[in-house]
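Two complexes follow with chain A in common, the first pairing it with chain B and the second with chain C.
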Partner chain A sequence: MTISTKKEPNALVLTVSGRMDAVTAPEFEKSVSELIAQGEKNFLIDLSALEYISSAGLRSILASAKRLKEQNGKLVFSGLQGHVKEVFSISGFHGIFKIHDTEAEGLKDF
Partner chain B sequence: MKRRKPSNLIYGVDDPVPFPTCFLLGLQHSFQVTTALIFGLIVVQGMGGSQGEAGFFISMSLLAGGIGTLLQALNKKGVGSGYFMPSVCEPAYISASLMAAKLGGLPLVLGMTALSGIFEMAISRIVHRLRKVFTPEVMGLVVAMVGITVIPVAVRNFLGITDLSPAINPHVLMVSIITLGTMVSITVWSKGKLRLYSVIIGMVTGYVISYFTGLLPAAHIQQIFGKPLLALPDITLLRWSFDSSMLLPFAIASLCVSVKTIGNLTTCQKINDADWKRPNMASIRNGLLADGLGMSLSGLIGGMGQSTSTSNIGLSLGTGATSRKIAFTTGGILIALAFFPRFAEIFIVMPQPVMGAAPLFAVCFIIFTGFQIMMSRMLDPRKIFILGVSLIFGLSVAALPQIYAGIENHWLHPVVTSPLYISTLLAILLTLIFQIGLTKRSRQLLETGKTTYEQLQDLLEQHGALWGARREVVSRAVSALNELMEMLAAEELTKEPVQLDMSFDEFNLDLVLQYTGKPIDLTGTYVKPQSLERTISGMQLSLCMIRKDADRIDSAEKDGRQRIVLHFDH
Partner chain C sequence: MSSTGHIKIPAVLESLPVITECVTGAAAAAGFSARIGDMELALEEAVTNVFKYANPGNPGEIEIDCASAEGKFSVEIRDSGREFDITKLPDPDLSMDISERPIGGLGAYLIKKVTDGVSYRRLPGFNVLTLVFNLGNTKH
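This part shows the complex of A and B:
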């Protein structure tokens, strides 16, 4: 899994690619925690290049979102594809997060 | 059932269709259905029954076809696949029906047809267990043999041969060639929608030329107009009888029909879902039940054995309209036609060249559709022997009937006198025998909490490639296995290594995991979170994701050792 960041006027875009499983999920959670500690509050997580996510990945997303909510921050997703989109749907995550088709649409949410 | 409409369809199976379009499409399909009445006529001809019986048999076949079409489209309370698949007179029943007709006339044909529907309904209940036997190769062989069985009757009529005059009749042959030539020319060289009506145009041409050349006597035309335009069927002709010697041929016929219907249902699933991956067995079960119900109903009301029409499925794909709304219109039109005796009479007086050319035209498509299905997968030596031996002995019945003439056993005789029945039985028997040694196995030890996704992916992909497993199934197996291994570690169900036994055959991929430790809880259900604050169960979330990928998950405990099975249909 690789995570790249891009600062936009209203939000920080995190592009996650590869696989988010029990091995890599803690790395995601740690990155988001560090960014929150640096004062970032608005996150757009672009998952268009994420090929696979396990329940460990989902749990780390949930933990990060809870942490961000405590700081009155906002977490939005974009670009979900295939397996990842299906996982968000069956797990009910699509109901508790805002999800957009593209990064550009997601940025309009902030 | 959610499905994505393929882009080549104008009206998908779930789409509404404006009434005028729906009616025209229904009319077109009804024309197509009436061409299969020729198979009913072959039975009537072989029966040597009265004109009244013939008219009744044809009208009731139309009525049964209409009801069968509606039942198939229903998809309610476990009956019907929900697809548009018109019911037609089924050529697989010709052999059995002719045997019954010679033995006990129309009542025996009807009684045994009603009974054979029950066979098909019984098969529908266990169809998921028969996947190993009903392979695409067996389906293709059955379809091809259905066509091959019709050849003797069709060719005799095409050449003008009768019991009284066993020599080729040049007069009939000439009209047959023109009739078949018209159908073939329109199919091959015409443009636009004319092609859809090639059989009807060819048949009309055959009738007209037969009339002008004396093969359709004026008395037959008067016979058509002598029938009332609108009338209720003469139910005094409705009688049923049964004969135990006919059980086997009708049971085999319904087995053949079941195999063919599974093929048709699978085709419908494929053409209506852009994301289709593998057969939906629930839909196949419901579809077979409707087909069997339609079959029994046909026998009970006085019609020929009915089943789903492959050529109508081709027509709906060709026109880009597979909506079940068209099924209701087509069913309605067919039911209405049953009450027009004049319409049925047109078919009853069918001249011999048309009775030869029309089935010959259909048989060309049936045989080669069968061969295409057979060749749709790589043929290894096992499949070549299954198909080869079954085909050779099936054809031997047609080519060398005297070999089997000595078999007088009343159970065996009907089987060995039909190329279709002997081929189907042999193909199923050989498929079962060749299951021996087909399952491939492998055992591995996985370290709990240390085995990564990449390692599992390498392991399963290597075995999958070696065994010829489909990539999509292997990919789901990797996801499910990784999720399960993560769950065992996260929930601390075990710290010991997990024994993984993999087994694969053409239809199943099973992963059996055994470990010493705590069990998984398969009784709970995952509750989707409504807000961030809601706590979610880690184990239930994992199981929810495993169930997304695996077709079945089971668990059992023995002497403190846990056994979890992940099953994937292949």
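This part shows the complex of A and C:
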């Protein structure tokens, strides 16, 4: 899993690629925690290059979302594909998160 | 049934990539490439559950056997941990919002959703969990 960040006027875009599994998911949570500590509050997580996610990945996303909510921050997703889209759907994450088809659409949400 | 994949390895998180490779390799060789995504997910959920809960402080080993026959691919996961039937866990409440929703509890549910069959049995000293995947009949 690799995470790259890009600062946009209204949000920080995190592009997560590769695999978010039990081995790698804690890195995601740690990265988001550090960015929150640096004062970031609005996150667009682009998952168009994420190939795989398990419950460990969902757990780190939910933990990050809870932390952000406490800070009145916002977490929005874009670009979910195939397996990742399906796992989000099975887990009911479509109901609790805002999910956009593209990064450009996601950015309009802020 | 002809055996198409076997591994016995320490029941620790670091073993996950090797276990995944063993099972997905056997599945591909048996012609189940179309189900590999589901298999990887169900397998990760099942084995990480063993790593976390089966033998606190003393991981022991986990043994996995794959077999295919008559359009079905099965993955048998055996651990020597305390008795635990993951198939008995209640389904999570998916309607709760971010603040209310508990962290965790999705693993067993994902296993149920992406397999075509899951069964548990307790043998003397062992938990045995079997995941079954049909060749053509994906669940979703």
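Quick note on the criterion: the second predicted complex is superposed on the first by the 110 of 110 C-alpha atoms of A that agree within 3 Å, B and C clash if a C-alpha of one lies under 4 Å from a C-alpha of the other, contacts with A are read in each partner's own complex, and residues count from 1 in each chain.
The definition used in the following text is that a contact is a pair of C-beta atoms (placed from the backbone, for glycine too) under 8 Å apart; a residue touches a chain by one contact, two chains touch by 3 or more.
Small disclaimer: the values here were computed from a predicted structure and weren't measured.
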Overlaying the two complexes on chain A, which is it for chain B and chain C: clash or fit?
clash
Mind working out whether A:K30 is in touch with chain B, chain C, both or neither, as first, second, both or neither?
neither
Between chain B (first) and chain C (second), which, if any, makes contact with A:A63: first, second, both or neither?
second
Touch check for A:K108: first (chain B), second (chain C), both, or neither?
neither
Quick one: from 5-13, 77-85, 149-157 or 545-553, give me the piece of chain B that collides with chain C in the overlay.
545-553
Let me check the overlay on chain A: which residues of chain A are in contact with chain B and also with chain C?
21-23, 52, 54-56, 58-59, 62, 65-66, 69, 83, 86-87, 90-92, 95-96
Report the residues of chain C in contact with chain A in the complex, numbered from low to high.
13-14, 16-17, 37, 40-41, 44-45, 48, 51, 92, 94-99, 101, 103-104, 106-107, 109-110, 113-114, 140
Mind pulling up the chain A residues that touch chain B in the complex?
19, 21-23, 52, 54-56, 58-59, 62, 65-66, 69, 83, 86-87, 90-93, 95-96
Hey, which residues of chain A end up touching chain C in the complex?
21-23, 52, 54-56, 58-59, 62-63, 65-66, 69, 82-83, 86-87, 90-92, 95-97
The chain B residues in contact with chain A across the complex are 452-453, 479, 482-483, 486-487, 489-490, 526, 528-533, 536, 538, 541-542, 544-545, 548
